[in-house]
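Each of the two complexes below includes subunit A, the first together with subunit B, the second together with subunit C.
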Partner chain A sequence: MANHLFLPLISPMLASALALLFARDKTRMVARVIVLASIIFNLIYSIWLLWVVGNEGIQVTQGAGWEAPFGVTLVADGASALMLCVATLLMLVTVSYSFASLDPGYENFFYYPLLLLLLLGVSGAFLTGDIFNLYVWFEILLLASFGLMTLGGSRPQLEGGLKYVVLNLFGSTAFLVACGLIYGTVGSLNMAHVAERMSSVTNPGIVTVIACLFFFAYGGKAAILPLFFWLPTSYHTPPVAVTAIFSGLLTKVGAYSLYRVLGLVLQDELIRLAPFVLAVAGLTMVVGVFGAMAQMNVRRILSFHIISQIGYSLMGLGLASAIGLAAGLLFTAHVMIVKTALFFIGGAAEQVYGTGDLKKMGGIARREPLLSIFWFLGILSLAGIPPMSGFFGKLALLQAGINQGALLISVVAAFTGILTFFSMLKIWNEVFWKKSYGDMSKLPRVTPGLLWPGAILVIISFALGIGAGGLVDYSQMAGAQLFDRAAYISSVCGSNGCEAVVDLALR
Partner chain B sequence: MSKTVNYDSIVLRTVSRLMMPLLLLLSVFMLIRGHNLPGGGFIGGLVASSAIIMQMIAFGPTYARDVIRVNYLTLASIGILIAVVWSMPALFFGMPFMAAFWMSAPIPGVGTMGTPVAFDVGVFLTVIAVTTKIALLLSEEPDLFPLDMEDDEEPEAGAPRV
Partner chain C sequence: MIFLLSIAIGSLFAGAIFLMLRRSVIKLILGLILLAHGAHLLMFTMGDGGVRRGAPPIVDYETGAVAPGTADPLVQALILTAIVISFGITAFIIALAYRATQAVKSDDLDDMATTDRL
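What follows is the complex of A and B.
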């Protein structure tokens, strides 16, 4: 029993309640300290958890001590620990960017409590071992994100927020229906138990329906091809810090849930659906990157790239093998970091200019050389040029794709990488390189508080590229754990499986 | 009681005035019995907030705010703090989160007390605060219910204008 698994959930919950108490002008610094302390605690914990899972394997705990298929189960395997660690790191950087960039109207309101609730929901979704609890964690993080997206109440925010809420409610409904169908079919919602009973389902048609419903539900949240339209219309409306953390966390929780539920619980169905998943992945990549080419706003371009990158994560899932999932996890962890970094750097440029319109911007390379260098390193990483981390993420995916003979998707993925680079060069040319039309000397300088959050993430991406060996090994371990159902079941329910626990309880 | 509302009803006013202490007592009863029988912090909180909401319907939101004179947001966060803190003791004894500790003998007239009761008190406060706050905010929305409002309402209600 690893009782400590509840700590990363307790800490943001306590801190958000305390931050709400101190959310007023006089005590703003107290609220900041509480928020920072909680997130730093979570970061230290998740790095330690990464190490523990790497050495000792899957960690499991049961809420209030109820045995596995009956109670609230938390499970940390390699994939959970890796995602938890990256998510907490991004939250820490986002909070420090918020200190530098937001005006007090936000800080005195629900901003920090909502950020912490977002962290709570995301951490819970990564750690849970129960499909219905996953639904509940999703609701928590979605409610927090609804609040964050519309906080400020400006017209475009409400408009974008409405689309965001409506599509996410559709997704949540499909998720709930799928949960009901699973419970009706196998009589359990514990992931290990469901995985165990899936082999004895007499009516395989219903399992396909369930898998497709989950694909629709998580796919909508991850912004895959036909369901992505809410993302580019809403992501550029809230403050930069909010967009950055959304890009880093929200779609990726959807991708992680796809990995967990389709890759682990409904594995046989995933292998059957693999060609379909790969087709959606390829289309998502290409449509996302072409969509970005038509845009003329920094954050809208980056939003379309989120969609394109989700295609790569989906490709790892569509390969339907331990190696494929490992490569997908590696890529997802990398893209979370780099994408957030690019939003911070582009957002800093936007904050200086007061607009995100490419046509009105220009000349930042001469005025802010440091910001420009980090932007350029960031787009190198996103496009997948060595020695940045993006190279190894894409390399792992392409290797896995070619080894399994999925040549078409591998070619599409490589080709999309080049298009991504061109599309990013457009921002580079317009915002950083070309001469400014207006007089730049009156514009404010980029403060260190706006610069370093993006810079530190780019440096981390660089470091992950240099030390890629360790990360690749870890992701392969995580991919193998994610695809190994027997090991997952025996770590959650004991070596005799969940059915034995149920029999013992009923006797 | 100078405030009058446009849906004034003597029956509703009389009944709600009589019901309020009963409902508040019932909510505490629900809270305490809820560990082995139907009830609990969530149900108790809903009953208590329905008592306040009934005042709001009969006498208007300004009067209803005087039933419990607290900042409901503060009450909600204190409720969450109580709930989280009282589900933690098991962690310090090497047991899973939320594992319960009970007193060995019941207190006469109240029943057996333990950490889940304290946890439920937190839930109780949070539910009262959140449901009442939502109802009050909705009824104070001038477009929905054109009531006469005082200027010293909580300034932080509503979204920040930025």
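What follows is the complex of A and C.
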């Protein structure tokens, strides 16, 4: 029993309420300090949690002291601790990029409270051990993201935002229906309890229906193949900082929920559906990267790459084994960092030029050499070239794929890596390398505030590549924990399982 | 009763999908509202009746027997939560759609495709 799992939820909640009070021109610095303090607290906490989970195993907090299957449970295992840590790190970097890049109008209209509520929803989704509670956290993070997406109210934002809201709402309704069906089938919503009772469901058809509904709901939020259309139509419309944090967090929460609910709770069904999941994964990779090739706008190209990378995360799930999930987690953690870094750097170039159109940009390599170096290192990492972290993410996935005989998906994954590099080189050529057509001397310079958030994330990616051993070990531990249902059930409900707790309570 | 409810849920979902496939923004929103109602009713049917395996959480303290006439309170709590959430989001989406139709000067979804073009 560990009561500290509430801390990363309380801190952004309180801080967003406080920052709301100071969202005025005169007191802007107070709001900034509150926001920074809360996020730094969360970051320190999540690093500590990473260490605690690594040493002592799964941490569990029972909400209000209710025993496990009755109350709401918060659970931190390796996967949630890893995701929480990366998400908080990205939030810290995003906030500092926002300090340097945003109009004051945004800050007066509650930009930071919304950002903190997004962090609250994301942290809650990573930590919860209850399926309906996961739905509620999803709604919190979605509502915060709706606000961030449309804050500013320009026409592209409203058009893109409407599609984003509608498609995510549709996915949420499917999620709700699946929650209802799961309660109707097994009579519980606690993940450990559901996992325990799933094995004794007599009607296998309903379990397939539930698994497919969850796959649809989370897949829509993660932007898998037939459900990704909301992403490239909306992600390039808000300010750069918002796009960057969305790319780092939102689709990845969908992928994490797929891992948690299909990989742990509905594990038998996942093993049955694995070929289907792998097929969707492969198609998502290929369609995403081909979609990116057709685009001529920095952030739209990067948006399509998000879709392609989600295919890799899904491949880890589709391998349906502890090694597969471990590799998927490793890759997801890496891509969250690198993708956000690329959005920051590409966004900085876009902000200097005032446009993201590849045809109108050019010549940045000569004018901003530092920015260009970090961009190039970033695309090396995204494409999976050593010594950057992307190499180890892809290596782990390919190793797991080949070990399990999933050759086709492994070939597709390797091939997509080459295409990714090719497509990123297009941005390199057009934005950084080629000569500028216009007069560049009048354009503003990239300020350090715009440069360092992306740079520091690229450096972290490089460090994770150099010290990949620790991360690989941790992700393997997390993958094993994620796939081990018996250990999860016994750490949430005690060694006799949840059913014993229910029997004791009902006598 | 469960039979009538199933028909009601089915018609709500069918009507919602039909409305969401239209091009008008207002019909899209009406479709989303109907969809949420369908999902809530579906959760409602999950409380009692044949499909459920778990016993209601309200039991007699001494004997552990289920008191006669009690309905499962958990589904009602779940629906209440879901209704509040969908109410809030509906309010947001109506405001958003209003601003979008003002900016685009049309309520036809086909006119809102500028961000999709290359």
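Here, the second predicted complex is superposed on the first by the 507 of 507 C-alpha atoms of A that agree within 3 Å, B and C clash if a C-alpha of one lies under 4 Å from a C-alpha of the other, contacts with A are read in each partner's own complex, and residues count from 1 in each chain.
As a working rule, a residue touches a chain if its C-beta (ideal position, glycine included) is under 8 Å from a C-beta of that chain, and two chains touch if they have at least 3 such contacts.
Note that the structure is predicted; figures quoted are calculated from it, not measured.
*Asks:* Would you sort A:10 into first (subunit B), second (subunit C), both or neither based on which partner it touches?
*Replies:* first
*Asks:* Counting residues of subunit A touched by each partner, does subunit B or subunit C come out ahead?
*Replies:* Of subunit B and subunit C, the partner in contact with more residues of subunit A is C.
*Asks:* On the A-aligned overlay, A:197 touches which partner chain: subunit B = first, subunit C = second, or both, or neither?
*Replies:* second
*Asks:* After superposition on the shared chain, which partner residues are touched by A:176: those of subunit B (first), subunit C (second), both, or neither?
*Replies:* second
*Asks:* Pick one for A:63: touches subunit B only (first), subunit C only (second), both, or neither.
*Replies:* first
*Asks:* In the overlaid three-chain picture, which partner chain does A:103 touch, first (subunit B) or second (subunit C), both, or neither?
*Replies:* Only subunit B is touched by A:103; subunit C is not.
*Asks:* With both complexes overlaid on chain A, does A:166 touch subunit B (first), subunit C (second), both or neither?
*Replies:* second
*Asks:* Would you check which partner chain A:153 touches, where first means subunit B only, second means subunit C only, and both and neither mean what they say?
*Replies:* In the superposition, A:153 contacts both subunit B and subunit C.
*Asks:* Once the two structures are superposed, pull the subunit A residues common to the subunit B and subunit C interfaces.
*Replies:* The answer is residues 150, 153-154 of subunit A.
*Asks:* Touching subunit A in the complex: which residues of subunit B?
*Replies:* 73-74, 76-78, 80-81, 84-85, 88, 90-91, 94-100, 156, 159-162
*Asks:* Please give the residue numbers of subunit A that touch subunit C in the complex, ascending.
*Replies:* It is residues 70, 132, 135-136, 139, 142-143, 146, 150, 153-156, 158-163, 165-166, 169-170, 173, 176-177, 179-181, 183-188, 197, 206, 232-234, 236-237, 294-296, 506-507 of subunit A that touch subunit C.
*Asks:* So in the complex, the part of subunit C that touches subunit A is made up of which residues?
*Replies:* 20, 25, 28, 32, 35-36, 39-40, 42-43, 45-47, 51-55, 57, 59, 64, 74-75, 78, 81-82, 85, 88-89, 92-93, 96-97, 99-100, 103-104, 112-116, 118
*Asks:* Which residues of subunit A touch subunit B once you look at their complex with the stated criterion?
*Replies:* Interface residues on the subunit A side: 1, 3, 6-7, 10, 13-14, 16-18, 20-21, 61-65, 103, 105-106, 108-109, 150-154.
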